Amino acid sequence: MNMNTSARARTAPTRPNLTAYAFLAPVAILVVLFFIIPALLVIYISMTDLATANFTSDVGQMTFIGLKNYETLFSDPYARKIFFNTVFYVLVTLSLFNVGGALVVALLTAHINRRAGFFFRALWLLPRLMTSTVYILMWERMVADPPYGILNQLFGVAGYGTVAFNTNHIWTFVILVNGIIGISFGMIIFTSAIESISKDIMNASLVDGSTAMQRIRYVILPLMRWPLLFVLSYQTLSLLTSYEEILLFTNGGPGVYQTEVWALTAFHRALSNYFGNAQWGYGSAFAVVLVIVGIVLAILYLRIFRFRELVSEPKIENL
Amino acid sequence: MQVDIQNLTKKFGDVTAVADVSLDIRDGEFVAFLGPSGCGKTTTLLMLAGIYKPTDGTITFGERIVNLVPPRERNIGMVFQSYALYPHMTVFGNIAYPLKLKNVSRADQQERVKRVADVMGIGELLDRKPAQLSGGQQQRVALGRALVKEPDILLFDEPLSNLDARLRLTMRAEIKALQKRLGITSVYVTHDQVEALTMADRIAVMNKGRLEAYATPEDLYDHPRTTFIANFVGNPPINMVDVELAQENGQVVARCAAFTVPLDSERVRKAVAHGRKLTMGIRAEDITLGDDAALTGEVYAVEPLGREDMLDVRIGAESFFALATPQQRMRAGDRIGLHIDAERLQFFDPATGKSVLWE
Amino acid sequence: MSHAQRAPQSPQTPQMAEPLSTVADTVIRAVRGALITAAVLIVLALFFGRLFGPLWKSLNVDESFSQTLAGLASLLLPLAVYLALGMGARAHRKRSTTQAAVITIALATVAVAIFYILNTSQGAGAAAEQSSLQFAATQTADGIVVDAIEPGGAAELAGLLPGDVITALRRDPITLAQLESAVAESEPDTPFRLRLLRAGEEMQLTVRTVAVAVESAGLKLGPIAAAWIGGAAVALIGLFGPPGWAPYILLTVSLSPLILGFAWLAVATVSYRTQGLLPIDAQGNVGGLTLENWSFLGIGGEAPATPIWSYAANSLFIAMLMTGVTLVLSSMAGYALSRMEFSGRRFFLSLTLILHSFPAVTLLIPVYLVLLNLGKIPLIGPHIGFNSIGGIALVMIAFGLPFGVWLMKGFFDNISWDMERSALIDGASRWRTFWEIILPQIRPGLLALGIFSFIGGWNAYLIPAIFSIGTKAANLPVYIRTLTGDTNAVNWNQVVAVGVFQMIPILVIFVFAQEYLLNIYSGGSKGSS
Amino acid sequence: MVKVFRLLLVVGLMLSGIATAAQEEVTITARCQANIAGGEGWRCDNFAAVEEQVEQELGINLTLNIIQDSKGWADYKTEFVLAAEAGEAPDIILSGHEDIGAWAAAGLIIPLDDLIAQHEEFADVVPNLWVSQTYDGKIWGIPQDAEARPIFYSKLLLSDLGWSDEEIASLPERVRTGEFTFEDMLATAEQAVAEGVVEPGKGYYHRWGNGFDWLPYYLGNGGEIMTEDGQLVFDRDAALAAYELIGSFVKRGVTPETMIGTESSAIYAEFAPAENVLFYQGGTWQWADWARNYVADLGGNDFLLENVGLMLFPAMNDGVPLSLTHPLSYMISSGSEHPDVAMALLAAVTTPEANNRHAIDSFHLGILTTQVESEAYAANPVLSGAHYMLDYTRFAPNTPFYSAWSNAYWAGIQAAHTGTPAEEAVELAVTQLQNELGDQIVIR
């Protein structure tokens, strides 16, 4: 029965399946309301000069100014800095934590006592479950100056001097803060991939007398190609677009856009401005850039992920 | 309920799963669909069930064309290979489910489930969950669920293949007896020829989506229309040799690289009329062992089957299955003579695989 | 794939048959292991320090990160090398435990020597000089009594006299030991403002440190002995540690930030203020535990005017709405995408996947406009528009739906088709099949998604913060943030107490539902692998 | 049945008619940014205190809906804008006066000139403060509080440095007269570091992040933000001088490199005990916080009075000392159904009695001329002593574009602070200003 391999469009005409559409309708409505319409709106707003001073929710009353916001964006002296900040942040967090760290944690927990492994994985899940506000509070205190900072207190006890963690080493901690949350996603996927590796293969390699490292190198990793790719791509986008923790932790500072990332800029410009007068139009231009990057990457991933195999034909037909 | 299938075709994209199948099933008849996996028999069954929609052709239940009738309006019962019991319901819940869907009153549900369960011998299991049942019990529950709504047609999708050999034998007999008693038109999909041969009134042999033959078990066995049927029906499998038939001294001889053997029968003569190069089929039970035979071969392997021994006899490069009684005590390496019953031979056109004896 | 299949086929003699290793083998193996370990760390340090760091520095992004990492690598290097030496000699234990220990200690000694030479050759110049204030003193109960002043030295230059009693450095009381170590650590020409008593009179003086040559620049035995003992001990841990201990250490160490953070949370909630991990009372001493931070619950003090429960109720509503709606909608759509045939199916599937990774948070600006317009719908508008719990939940539900749908589709994909066919043949409609037969089968998936949605809703900060006004629809995380707003006088410990209060339900769920939580992505990832 | 219904309907209507005739029901929502723990609660709580008075005056039944929390300013302002557009704005909103520009332009708030004329209480407001409430020739806000953003100094450390008590006591006056300049202050800080009286970098602490507090450096060096006729300007020379000055703090060793980004609480913890940091640029309201949360165990307010002093920003290139005030204003949103009632409430809280509650509790300066004479205010030596600063005070301008201006200026400050040459910092600010404001800005 290998009729499920082909996913080509069928030639026989299909009647509209009202049941299926009924099942999908609620989600479709929400998607239109909160993805499609906003995506179109944000593109339009990015071509207006909407700001607090001429704020209106009536699309018709916004002043269309064409691509002016994009011109401003591309000549913004800090756009370049923010762009590379984002690249740096995504690359480092991704490689050291969301993928690399996740893989290490998954491998380590797979090679110890089953219950202990489960326990450690559960612990690693905690940061993702914590409220960002409390989680960040914890980190703010961690890196604070003496006498409040936890790390500085430990450094003091160990005989090292005071370190300005929250200013001079802030990137390290921005990455840590996000990376520690980020590990769990990859960890879970890698773990289930490792566990699904057939016991026979593992036993066979054990009989062959391979060491743990050899087993990882020759048995586990080659079988992990797919999950690795998946986590890599999915987490790239997550990191690219999430900014809540940075907002709460450094709010892009403390120096000149020191830890500002692109998505945060969109937020800052439009929805958070210390002196009032938020620039909605300009902020939207930042958002649009991300939206475009997101869609392009997502389509790219669809190709990588062999989308065709994903859409195996349903084995019940609509009569 | 009689079923009529006309020019039934099913395509999945470019792949044709079922091609132009036509057959009719009489009211109360037990029909088996037989074929190797991937031959389209299950697809055909699922089209009968209303799970798949035919790409072409028609399916008629009684007078009604049901091509586009959803499963719940077909009044069929079906037993799956995996049993497909609902794990979150009790046995009672499983059997009663079709009745519940028909809005049968609670009291009636109770009564009908009880009746079916008693028939199936699972009356004491009604409170259990499927996970607590043995394979055979699950099978009975599945059958009970299919029967409880008194379907017009019963569909079986390899229902016995997950059971152990002994249980399979019992269930085979039970299903057959039950079907005869209730007189429900049944379609039974299997790749096990023994099941098909022992249970079915008629067998539809399918191969690569096509209907190879549709006949009674005896007819299929004795008059295989194609090499595929001959090969597929019968255990041990029929011996096939590519031979050249020739007239020698007024006698027909079959000649191949390994041997030459004189043959004489009506069938042989009919075959000769068709051509000289043919595929000759000899069933193992039509070979008798004896010392004064025209053919001698060497026993290559002996496979004791209990009641008899199956021999793999080699003549040159050709290999034949033959049967011997255990008392004959054949051993590998023994040289024996082979007697071929020329009246039981089958001949096929090697190019088309079609029988030259039967249409 | 190829490796995996080849591995079991390759006929190899099991290792047990190998002859026991000789001393030479062991030494070679241990040294090789140590060298490889060192090489890996050095390459990492070089990569981050020499290649990686300058790249980001040149792009004006950051330079500290690479330094932090490179520093960490160099800190770990000796430890790793000692460990690797010990682990390399492990195999020798089969032959002779004593021999193995001797080899390990010998190798560790060599390593300590090498590190020492490397260290001293780096800081050779600096080691010969030391800062000094050039006077001798003794500690008494009154303070530091100056005994003698070096003629022409820094102290004399500043006007310090014998008999002066030094009481404080600047305004901090100080002991002789503290003063000496502060002087020793200081750069030359650092001013030391000393408060002192001269003939009962209080006065101040500034003495500047000068660099003084240290008489003997030879070997300092103390540090060397310490390094040697430490190195040997670490190496012996590598040699005798129980098998398979390394992962435990690594996992525990890597979790240490969390452990520290939680420790602080625990301490902070029950103290007036904290310094580092210590509770501090009003006098600046360790102590001062209190329940006052929990006054928002009516514990240990007067409850504030704004009851915490209204925020908690909002949190709960948002979380429950999210859970319920997300579960129903995601499973319905996931079912349709997994099990049903309809035109546009491919489109919907790819849309789900694209939206799944769509930067939804960048859409907050237009989403506000959408919410405004939803609010104008008669009757239900006020409940689903801007500044309503429903509206906030709706936005969060919508943003989470692609993930939920994709997840559910994955779980449905794994359900037997026969079961569903059976239900249809039994006479069920598609809806009843879904609701009565298939949905019960994906209970673990529903639980996982449900718990995640609940926690997501309970924890939500950004969207409630933006789309709520005042207290009407604000939830606990928003409340916590308003407590820490950028004006002054934040009662941090109360903030932490509220934070911990907010986390209680999560911790409870976490304790009881770990296995479902750890299951969350399994359905989804299988669907596409 | 129908008849009964009609009857009920009529009775109901009559009853409700009686009720309204008797007393109009009015609900007023007021939203304030206030740190209740920091004594700022009176910003909105004052309304509750005058509720009955206003009810009697107007003969209405007033329901007050007060919302206040210490949400960050950025979130707070966004919230108002979003709420206003959604028609859910509070009647009275308290915000920084600089928001008047943008909010008036967007039509989110209403001009108050006519309403002000109806209440004599407003005549008492310090005249200088109305400047900050004016935009486009109209008054849009009622000052709620003002403050001085002075420079604090540690008397302890100055005496360590050898200053006599008289010298210390006369410092504010010497600053006021221009005798003691900003350069003198930095030199003093430098000396303190050199003599080890303070640790390196602890001579002068300034603000830790973006804010108004940076304006004195620009204004004190002759800078101008907006001309009389409302033209936004950026003065290269003033900016250059400001950036040079800001850049010199770290170079001269009186300010730590990591000053920008340090947590405010860490700064307070260092400065408030008066024995670590010599000069600190802060705000009067911080005094209350220190007394309550940082030096309570040392004696609180009394300790501070004895050991900490405050002075104007000493004269820079301009030659005159200055202070900065960022008055908060009550504004009435255009969505308010009862602006007259809201205004009556505002008038009722614009009295020495009401304003003192807030000013004294939270250490903000009074806004009324008669307030200085009031006993309670006079009894607070910090406030009454700093009241003169209002005469030297400067404001940020009310323009929708101040935010862009300020962000550009701030970008230059950060650059200068981290060692970028002042000329480059100026270019950076100018580029950003031109990029974002185009022809709205004049660079000169």
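The chains carry the letters A, B, C and D, assigned in the order they are written, with residues numbered from 1 in each.
In this text, a contact is a pair of C-beta atoms (placed from the backbone, for glycine too) under 8 Å apart; a residue touches a chain by one contact, two chains touch by 3 or more.
Just so it is clear, the structure is predicted and the values come from calculations on it, not from any experiment.
Summarising the inter-chain contacts, the pair of chains with the most C-beta pairs in contact is A-C. Between the Cα centres of chain B and chain C there is a gap of 65 Å. In this assembly, the C-alpha centroid of chain C lies 38 Å from the C-alpha centroid of chain D. Taking the mean of the C-alpha atoms as each chain's centre, chain A and chain B sit 56 Å apart. Our note on geometry: chain A versus chain D, Cα centroid distance of 39 Å, whole angstroms.
Counting partner chains per residue, chain C shows two or more touched chains at residues 368, 372, 421, 424, 429, 466, 481, 484, 492. In chain B, the residues that reach two or more other chains under the touch definition are 50-51, 70-71. Counting partner chains per residue, chain A has residues 7, 9, 57, 147-148, 168, 170, 258, 271, 313, 315-318 touching two or more of them.
Pairs of chains meeting the touch criterion are A-B, A-C, A-D, B-C, C-D. On the chain C side of its complex with chain D, the touching residues are 170-172, 190-193, 204, 206, 282-284, 368, 371-372, 375, 385-387, 465-467, 469-471, 481-492.
Across the complex, chain A is touched by residues 11-15, 17, 37-38, 42-43, 50-53, 55, 68-71 of chain B. Touching chain B in their complex are the following residues of chain C: 416, 418-419, 421-429, 432, 437, 440-441. On the side of chain A, the complex with chain B involves touching residues 1-12, 313, 315-319. Residues 31, 33-35, 37-38, 40, 67, 69-73, 75-76, 78-79, 82-83, 85-86, 88, 90, 156, 160, 193-199, 264-265, 268, 275, 285-286, 288-289, 292-293, 296-297 of chain D touch chain C in their complex.
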